[in-house]
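The following blocks contain the structures, represented as structure tokens.
Both complexes shown next keep chain A, but they swap its partner, so chain B is in the first and chain C is in the second.
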Partner chain A sequence: MFERKQFSTIAAVAAIAGLAAVAPAKAEDTVKVGLILPMTGGQASTGKQIENAIKLYMQQKGDTVAGKKIEIILKDDAAIPDKTKTAAQELIVNDKVNFIAGFGVTPAALAAAPLATQAKIPEVVMAAGTSIITERSPYIVRTSFTLAQSSTIIADWAVKNGIKKVATLTSDYAPGNDALNFFKQNFTAGGGEVVEEVKTPLANPDFAPFLQRMKDAKPDAIFVFVPAGQGGNFMKQYAERGLDKAGIKVIGPGDVTDDDLLNNMGDAVLGTVTAHLYSAAHPSQMNKDFVAAYKKAYGTRPGFMAVSGYDGIHLIYEALKKTGGDTDGTKLIEAMKGQKWESPRGPISIDPETRDIVQNIYIRKVEKVDGELYNVEFATFEAVKDLGKTKK
Partner chain B sequence: MTSILTNLFDGVAYGMLLFVLACGLAVTLGLMNFVNLAHGAFAMAGGYVCMVLVNRMGWPFFAALPLAFVSAAAIGIVLERLLYRHLYARSHLDQVLFTIGLTFMSVAAVDYIQGSSRVFINLPAALQGQFDLFGVGIGRYRLMIIVICGLLTIGLQMVLAKTRFGSRLRAAVDDPRAASGLGINVPQVFAFTFAFGCGLAGLGGALSAEILGLDPYFPLKFMIYFLIVVTVGGSSSITGPFLASLLLGIGDVAGKYYVPKMGPFVIYTMMIVILIWRPNGLFGRTAAR
Partner chain C sequence: MTASSDVGYHAQRQARWHYGEAAFWLVVLACGFLFPTRYLIMTDILRLALFAMSLDLILGYAGIVSLGHAAFFGVGAYAAGLLALHGIINEPVLALIAAGLAAMVLGFATSFLVIRGVDLTRLMVTLGIALLLEALAERFSNITGGTDGLQGIEMQPILGEIPFDMFGKAGFFYSLTVLFVLFLLARRIVHSPFGLSLRAIKNNPLRAAAIGIPVNRRLIAIYTLAAFYAGIAGALFTQTTAIASLDVFAFDRSADLMLVLVIGGTGYLYGGLIGAVIFRILQEVFSTITPQYWQFWIGLVLVVIVLVGRQRLLRWVLYVPNLVIKQVAGRKAVVAAPESDA
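On to the complex of A and B.
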């Protein structure tokens, strides 16, 4: 299904590194970005999407900005925080990188945070979605999303659209708990009732008993958050158990209908309503071009992880433009604050206060478009900040 | 009341699936005294073969299932002849190190060839959904699993207890030297048994893709479940692992349904209690080796 294409990058990176070594006079003109991603392990699809998107961006915009050559050094942490830390240390001490970026899961982003503070270099978080991350270092900036953003929005939408009783099914780890708590808070404040609350273990083989419990609770909808990858299994078993026929809808943050897997989930997923930052079916011209270029290069559809990586490298480019190529970490992070741009997902900006992303959250419904399953956007909540922080 | 029956049904289906996946391990561990932690790799191989045949080549699901068995068994027999047989006489630690290495290699190989995303097998419409039987929701796919696995279990028990091959196998296990003295080709019997166990795992892998999910990390994720089945059931017969699988399947489903907060622990608690009560498993022989 997916060809392994990262070897070519590694080869390219190695070649660039080789060139730099041959011509030491040029080293001054190179900006190094240490990219730490899960390229193996259960989260590998996240890593691959981000890497693909960054390569695509650099092909489109060139690898030189403000007179500096951008060099990407990729390290695989397999989403294990200890490895993230080691990789970040190596990149900062040995390779003397000017940025660290990537971070597939929350614990990985947190593990690198003290190093970013110490080394005074920007840490660009391109995937991990727990609210607290950007509070752990003044050098952290995020281009992905927070779970609070999508979970509160879907709660507000559900209340307004006649969903009164909801059963929740969330994975039992930090992002799952974030999703659950923010959803519950807005949903109950709006007059909704959570009739059943189930936390599934992260390594969960079979959803059957949990789904049976959901079915017997007879809610109007199930609020679901499971990590990317488990969404397909969940949706299949949801249909197998006949919950769709019992009139129980699925709502949630868009992770469950990630574009990366959506098309393989089967028609059971039709009609699922989610709130999320990005859909490959987003109707802007910029997104159409982005999707077409990504498909052409990698043969698959970009998901929200790809777009987060694409925006992450864009932010690095823009920061360097603003500093005129100055690689002082503090100046770079200052340059990133308040940046605003048009992304394939829509208009986004970096909150100057929290260094977290401000973006539109779209309500989407899974529909068939040209024989393929897509999240089709039908309502927009504009410029949503991370509510996980604004409360404090 | 109906939800109790539905849960019981789901539990039996889950248990049956565990049994097909793990019974090959019970055979190699119990009968051949070989610790094969790479067992899940054969299950994964079967699952991926089935997926490629059904999704990419358009084979019907029921035609691809036997192929999942055959291909996993074929890989099993090749590896047995090339690698495993050299380790039969080695210590258990050597066997563990060897097979865990093989597991990691299989994970990396599948990740390289097929990518790390989870894959699904396209099922025929006849196997999708649920129907009501006196108010009890019966999943079609799970019913098929129970039928296939039930027949397999009966067949296996018959072969082991009633056929000439069964008695040869039992003789070869009980006393390999005496058995070969009687003219039984012990290495051949072992090779065949090993391949058959791998084939069963392959079939289990193909069947489990829909319920457990199939990705390159399958062998690592489910290794613990296989080992629980074998330790709880005892490894001297296949009745033990069978009953253990059912017990664990029903226990796991019921635990997750009735006490969802404690759900994940139920299966482990059951294991600990049973092993304190009977350290050699439900049907283990005392200090066999």
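On to the complex of A and C.
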């Protein structure tokens, strides 16, 4: 018995040594960016893309800005909000980061919001797309998109293009509900009818039974929102159930035809019409260079998450340039407001009032270009603000 | 010496406090002052330790295996979250107890299912209960917040005096106090005649019944108590992070707990505490080194631990300290591996 207690002491001493070993080192002339991304689990592809894009940007532009060296500290949260929160706290308290960035899903971004407010440091949201996020803290700025932006536009487009009856399939969490509500609002206002409404669980969804119901309801199209990464699985089951042959088209925000997975989805995806912020086929010179550089570095096509990460780190660089290297959080967030620049996705800016992104939304159709599947843009809605806020 | 006095002698000797134990708790307390920047991870370890102790109570003492202990953790977490969110019980300590009681009620209700089977059945039943609750929490997202979790929980000061701070200092000492109080209680219980009867049941339920121990009632009691402990751990989780999401019911959480006890050993209460420390620090070190592939290394370490065996591993680790002790004190090595089983 006595020996056991001795063992306890040894273990506790070992624990101290362990904690000391992981304690971080300090440096003065660096600006630290705490990057919290899902690197494992179902949303890992999002995290991977953003990390890649940031690395690429720093390779291209160098890792010093306004005399400061930029240091990225990456943490994995597996898209679980309490892990995000712990990671954010650790980054702020121990690593003394000047920015927190990333956030693969809405719950994660929301979980970190109170910390950004308390610590007065900017939170750069590079993926999560629910409207309310930027309202949760005056220190949040977003470089990705909101579901309201793309959902309302695809609804208007559907009404104008003879789609009358729509069934909806959306993931059951905040962004999915945003997508559904904004779509319904504009679609029914334009005279359309939603015949079937299905919400699928976020984790490990099986779409097959839902798709069967969709097929029976015989809509003109199905409106789909699933987080990027689940699109491939959805399309596979969509084709397996023969919905493509039944003439039921897929429309929705562009998450479902994310460039990351699009090329492997098979021909069932041809003709899918989506509204979104970015396509790897965007015909600007800047985008062509970006896609080429990304492909060269990582061997895959960049998706919209990669672009959001690329723009996110750009915004951080620009803010530091504007403050002349001053790392005061309040000054940085002020410097970010109203920034305007040309991104691979087209011209974008940060709304000075809502700190949310203003960008073009493109209507795209999946087509074969040189034997590969691409979202080909055919209509543009310019400088779209987040309607989730302008409505209020 | 008669047989009964012999048993009594050993039981009393075991129940006595030892220097090593006091040293253990002093070291834990000292950590709170030595590492003011690591409160969050240390709080996390304390929560896991309490949760592991809860499983140790049923696994190490009563021999009930469970793969669904997260069910009670989750109920405690959501109970604490809902109480704070809707302002029903604002004072954290009271809310903590209330949340523990909520988990306890569930524990009592499900204990009747658990005592019916043997090991494999129990694994399935406990796993099933946890999955059931997770599905329910997802279904009733208007109450639980679904995948988005309970957002906007604001914790009131502890006992109306000490507010939770961002650095997690209050949270750490709060969790440590709770863990210590519950540890004292658990220690008292396992060394009581009740605790001894549980060990008898673990060793041979049939024989225990034959000597007049009410096996089922004892199992129900300890299972209910363990549920209370797990509920408290869950409530601590919500109170110190101000968040509760579906993840609290996740299978990973129950499975991790088993791993913690595999590392630390069962049946001497400290197993959960030590296992939690080692497990979390391994996780932290690996995920700092490689945020993408840390799970691989954790898996590898666990396989090695199980293959090599904890006892042999400990003997290696303690080889140098023992050598030093031999040199200095000039006596046979006093530090050895615990003899308990996993």
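As a working rule, the second predicted complex is superposed on the first by the 362 of 392 C-alpha atoms of A that agree within 3 Å, B and C clash if a C-alpha of one lies under 4 Å from a C-alpha of the other, contacts with A are read in each partner's own complex, and residues count from 1 in each chain.
Throughout what follows, a residue touches a chain if its C-beta (ideal position, glycine included) is under 8 Å from a C-beta of that chain, and two chains touch if they have at least 3 such contacts.
All of these numbers come straight from a predicted model, not from anything done at the bench.
Chemist: Of the two partner chains, chain B (first) and chain C (second), which one does A:257 touch, if any: first, second, both, or neither?
Modeler: The answer is neither, since A:257 touches no partner chain.
Chemist: Going by the touch definition up top, name the partner, chain B or chain C, that contacts more of chain A.
Modeler: It is C that touches the greater number of chain A residues.
Chemist: When the two structures are overlaid on chain A, which partner does A:82 contact: first (chain B), second (chain C), both, or neither?
Modeler: A:82 contacts chain C only, not chain B.
Chemist: Looking at the overlay, what does A:208 touch: chain B (first), chain C (second), both, or neither?
Modeler: The first partner, chain B, only.
Chemist: In the superposed arrangement, does A:93 touch chain B (first), chain C (second), both or neither?
Modeler: second
Chemist: Is A:106 contacted by the first partner chain B, the second partner chain C, both or neither?
Modeler: second
Chemist: Kindly classify A:40 by the partners it touches after superposition: chain B alone (first), chain C alone (second), both, or neither?
Modeler: Both: A:40 reaches chain B and chain C.
Chemist: Residue overlap on chain A between the chain B contact set and the chain C contact set?
Modeler: Dual-contact residues (chain A): 1-2, 4, 40, 44, 48, 201, 203.
Chemist: Quick check on the complex: what are the chain B residues that touch chain A?
Modeler: Within the complex, chain B contacts chain A at residues 3, 6-7, 10, 14, 108, 111-112, 114-120, 128-130, 137, 139, 141, 210-213, 215, 217, 221-222, 225, 252-257, 260-261, 263-264.
Chemist: Spell out the part of chain A that touches chain B in their complex, as residue ranges.
Modeler: Residues 1-2, 4, 40-42, 44-45, 48, 198-199, 201, 203-206, 208-210, 212-213, 216, 229-230, 232-233, 236-237, 239-242, 260-261, 264-266.
Chemist: Which stretch or stretches of chain C touch chain A in the complex?
Modeler: Against chain A, the touching part of chain C is residues 13-14, 18-21, 23-24, 27-28, 31, 34-35, 37-42, 44, 138, 141, 146-149, 151, 166-168, 237, 241-247, 268, 270, 273-274, 277-278, 281, 284-285, 287-288, 291-292, 294-295, 314, 317-318, 321, 334-338, 340.
Chemist: Hey, which residues of chain A end up touching chain C in the complex?
Modeler: Residues 1-16, 18-23, 39-40, 44, 48, 74-76, 80-82, 85-86, 89-90, 92-94, 106-107, 110-111, 114-115, 118-119, 172-174, 201-203.
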